[in-house]
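Two complexes, one shared chain (chain A), two partners (chain B, chain C).
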Partner chain A sequence: MAISDVGAYAHLTPEEVEELGRELDAIRAEIEESRGDGDAAYINRVITIQRRLAASARVTLLASRWKPAWLAGTAMLGVAKILENMEIGHNVMHGQWDWMNDPEIHSSTWEWDTAQPAEQWKHSHNYIHHQFTNVLGHDNDIGYGILRMAREQRWHPANLGQPVYNALLATLFQWGVALHDLDLEAIRRREKDPKVMKRQLRQIGQKVRRQLAKDYLVYPALSGPSWRTTLTADATANLMRNVWAYAIIFCGHFPDGALHFTEEELEDETRSEWYLRQLLGSANFEGGPLLHVLSGNLGFQIEHHLFPDLPSNRYAEIAVKVRALCEKYDLPYTTGPLWKQYGQALRTILKLSLPNRFTAASAPEPIGPEVERGRKPDRERPTRRLETGAWTRASA
Partner chain B sequence: MKLLDLLAPRRPVVAGANSSSWSQPPLDPAYAVPVPFACGYDDGRASLSLLNKARVTQCALSRVCGVCGEGLDRPVAFVGTAAEDGRNAFHFPPLHTRCAERLVATLQDHDLPVPGHDAGEPLTVTCSAFEFVRPTGADLDRRPVFVPVR
Partner chain C sequence: MPLARELSRRVPWERVRRVGSRLTTPLHPDDYLSLVNPLWSARELRGRIERVVPETDDAATVVIRPGWGWRWDHRPGQYVGIGLQVGGKYHWRSYSISTPPHRDGRTLSITVRAMPEGFLSSHLVNGCEPGTIVRLAAPEGDFVLPDPPPARVLFLVGGSGITPVMAMLRTLDRRGTMPDAVLHYSATSPERMIFRDEILALAQHNPGLTLIERHTDKDGILDLADLGRVVSDWRDRETWACGPAPMLDAAERHWESAGLGDSLHLERFSLVVAGDGGEGGTVTFQNTGRSVEVDGATTCLEAGESVGVGMPYGCRMGICHTCTLTLVDGTVRDLRNGDEYDQKNDRIQTCVSVPVGACTLDI
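So, the complex of A and B:
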């Protein structure tokens, strides 16, 4: 659906939409004005903890032939990788800490501990995903090009394999993300510049070689007689990180209530409309402070999408205000426990492996009384490209 | 040192690997000088008098340079007019300092305004961070601006 089809939004007048935008601007300004030493201390503390955790894991794994050491070392290494990717790498690359003017903790210099080069992530995630959030045919995060995640997407018999693809995506998530910016659909349509693709593949190759050498050659070699158990510990820690990152990311946009949109006049979208699309296309999950840190504060996915470059440690306080605004303007605020949010995303994956006629929509798509605001709803607009995967395109 | 270096994730440097890479920029039809990334369109239009709103957004979010399309570094430079400096709101996207110097020199050589403007002497400011501000429904100028954090 287009944003103008959303009943919860359609009841707002253009003036109310702009007023909501001003209130969100005020929240942003308040955080920017109060941003300072306490926030800098937070990210420095997280980085210190992460590095100590990783170092402790490496030392512990020297004795990994002893099972308890393997378990402890693997767990510490997995958590260190999760922290590095989620709370540090992802957020630093959004520019959340650029204001500190720290040469290391800066979006232009941070390289993260995963197979995808940071430079490609900043294009596929920061730009494509955050600018075209949940817009079918634009946002490659909708099912990562292999899963049918919206009823508007055309069904193909290959979608029957979704439960299997989903399991593979979860376990191999790092490698799926590594290929994300190549835009497999553009390659299939022969729209991708072969020279750029070759250079991107070379860049991915360089990063992958270093990552593989680090985890599966150098560290096992440094472990001496424990090389074999260190190698399995590294593989297990990477698997932990893969599955966790996949689950958190899928909770951000696919639980019931998070809406998908068709192509709109994105160039004409005002700041308030952009805010609304982010708000309605994202979903939070609830949990304690540790869960939020380990998930990169993406349990506050709504707040992250509204303010992707504000420090992640402030999302919890922003969430209180955003939720109050949603109540004031009678807008949905999608949230729930982690297990429930993931359960709903998993249910969507399983349901949409079948054609629409065999399943019912999990949540009603509200078409409420509309206020004329100049943008036509979907039913009055021409049909758009709805595919995200190569096979669905082939079936057209 | 070498071992530590091997153990830390390191940036794989491949020139032109960025999706926005602009390593062979087209020439401006009137002045025969290379056109910045933010002044070109996917359909082939490219001129120092143009400013592509979609690419401006891409530069902001992907954190790439508005001239060469490669990843930004520190400090970040903005090229704009005195009025923009006064408002601390720039229309032209962030740049490498060396790209900013080249752009200003080109504009001055040909007595041209900053792309996206009708007039005004170009000037450069540097900063560590910036805020990307989308236009509101009330703005007459419906282009996003950059607010350097200084």
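So, the complex of A and C:
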């Protein structure tokens, strides 16, 4: 059941919600206050390790005709790409490290090793997804415009293919992300401004050309007789990154405990209610430090959604405090092992490929009208307007 | 090494770097090369602190070896922005370069006095290990000596205002173009006089250079009304003045009232704080050439939108960082915690920042 009033859902009075907001603000202030040399050293260390790993992988793969070199090189490149996308790129672009005032590790200048241009990511993810998290009709990350992920969303016969779309999305995740900010739903409804679309496509095209040339032309060419094996190594590394990123991201908002919201919730939403919605709409997973680094600390999805721009290396200590707050206010805190969280997401994908009447709901059936998948056109989101950032403006 | 120098001149480095970026996209080749040597990057100008030489008990010369991309084309008297990472955060200040420009130079020097309230200056003087990597900004400033210099010159210097003048004196000495120059140099005592020995030596073998020392602990501050007694022909001299703000204000008034405002060149190295705190001010958008006066409750983002500047923005609540811009000049305050940002190159979130007095943004 989608929620239209977070406070009422959580059985909290408006005063209690505001008090919770103040306590979360205090956690934020405490972390901001204590950011320092250690945090700066952390991100610089991760970046250094990632770049050394990438460079070693590329050099090793020059001899990829030799099987052990292929294996070692592919593994290193895959891990380097995962680290770059998750712990570095995603978090730097959130502005988690902007406080260092270092122009080379800054959200406004970072470009990441994937097909989607950083600028479009910052719009579709930092703004649309983090602002409108899990609000039906506003957050495109509910199923990425491809999958039906909430019972409130209208069923369509095409949803029968969800198991297949899901497998395709996992293997081709980078390309799904690349097209994300285009808003496929809007294009399907013929509501997309063709000029904006053309600009975005051109921007994607430029990035994709460079990315493809690097992995599938330049490095194979440099490998000479090993060209064929370098090509397969690069493709395998990209696949590793795709499947891993897909799995981690699906654990963020699709496990059973993560809730959806209706757009009534957005009306006059206070900052504290926004906090509460983030808390109820996200799900964590448990694991060791290495797992958390390789997943960009998104195992602390709840903390990340409460404080998207605090440094990721601090989420673990924030989680202890957030959990204590959840106990104090008797709020759910969704977490579990990675396999279980992903299993629940997969079950939802499979279940919702069928109309609601064929499947049992884990929560009360939705009341009220069904909604379209995807997000509302911009003109129906009165308080915001589309902003795609500096690059597209400059070439307009 | 002439060979290395010849090589670095002949090779079209820009093109090499462009080809290299095919391998490293979306990063730059420099991002990988700087793993080998931190100076091998031209992405952001940077330098390595080679040594810190004490000058007086509270001032030191910091010798910096710049990395790739430094052009060695600064003019004597100009200053350079230095970004030092303290507590994880890069803090920027500007300091006059005290070494003369030298096309084949290896290092450049700045001389810094540790101010009691000067957070970064005391770090540079007391806390900087050789080997520390700093960021640099390209040299700037109009406080420069023309080449050739005017026939008669007066340098009016107070305290650590000597640093840009030192660059000028060293240049004149090296080029052998020392004109008829008078250096009136005030400091509290001879011990606190930065570069005193070097200046004495310069004056000895440059007949054109006259040094007038004033030790203000003993002699008091120079009253400019008495300037005629110390430097009788000051009206005929082109004057470069550098020192504390009150001294410069007095000099400005003195030269104006003598109708000689044009022959006075000033370097203010302590900025006057504009505005009276949170009261708003004029926000100028550098690249679009627009500006607007707003109150202390209007964010820089709203200010820009009100005059049609294409401001980047996202959540408008300080979480998404889409709206971050570079502060070129002035001061802004973060509405959430009252933090003030007043350093050139600071990056600010415009959706939660209000101007404190006049400020300029890079957009």
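In this text, the second predicted complex is superposed on the first by the 350 of 396 C-alpha atoms of A that agree within 3 Å, B and C clash if a C-alpha of one lies under 4 Å from a C-alpha of the other, contacts with A are read in each partner's own complex, and residues count from 1 in each chain.
The rule we apply is simple: a residue touches a chain if its C-beta (ideal position, glycine included) is under 8 Å from a C-beta of that chain, and two chains touch if they have at least 3 such contacts.
Here the structure is a predicted model, which is why all the values come from computation and not from measurement.
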Fit-or-clash call for chain B and chain C when the two complexes are aligned on chain A: clash
First (chain B), second (chain C), both or neither touched by A:Ser272: first
Partner chain in contact with A:Asp181 - chain B first, chain C second, else both or neither: first
Touching partner for A:Gly36 - first (chain B), second (chain C), both, neither: second
Partner chain in contact with A:Asp309 - chain B first, chain C second, else both or neither: both
First, second, both or neither for A:Trp99, with chain B first and chain C second: both
Chain B versus chain C as contact partner of A:Gly224, first or second or both or neither: neither
First (chain B), second (chain C), both or neither touched by A:Arg52: second
Partner chain(s) touched by A:Gly21 [first = chain B, second = chain C, both, neither]: first
Residues of chain A that lie at the interface with chain B and also at the interface with chain C: 32, 95, 98-101, 103, 106-108, 111-113, 122-123, 126-127, 130-131, 207, 210-211, 213-214, 218-219, 271, 309
Residues of chain A defined as touching chain B within the complex: 14, 17-18, 21-22, 32, 93, 95, 98-101, 103, 106-109, 111-114, 117-120, 122-123, 126-127, 130-131, 181, 195-196, 199-200, 202-204, 206-207, 210-211, 213-214, 218-219, 267-272, 274, 309
Residue ranges of chain B in contact with chain A within the complex: 3, 6-7, 9-21, 53-54, 57-58, 61-64, 71-74, 76, 128-138, 142, 149
Sites on chain A touched by chain C in the complex: 29, 32, 35-41, 48, 51-52, 55, 58, 94-95, 98-104, 106-108, 111-113, 122-123, 126-127, 130-131, 207, 210-211, 213-214, 218-219, 222, 271, 308-309, 387, 389-390, 393
For the chain C and chain A complex, residues of the former touching the latter: 22-23, 25-27, 31-32, 35, 43-44, 83, 85, 87-92, 310, 312-315, 317, 319-322, 324-325, 337, 345-347, 349
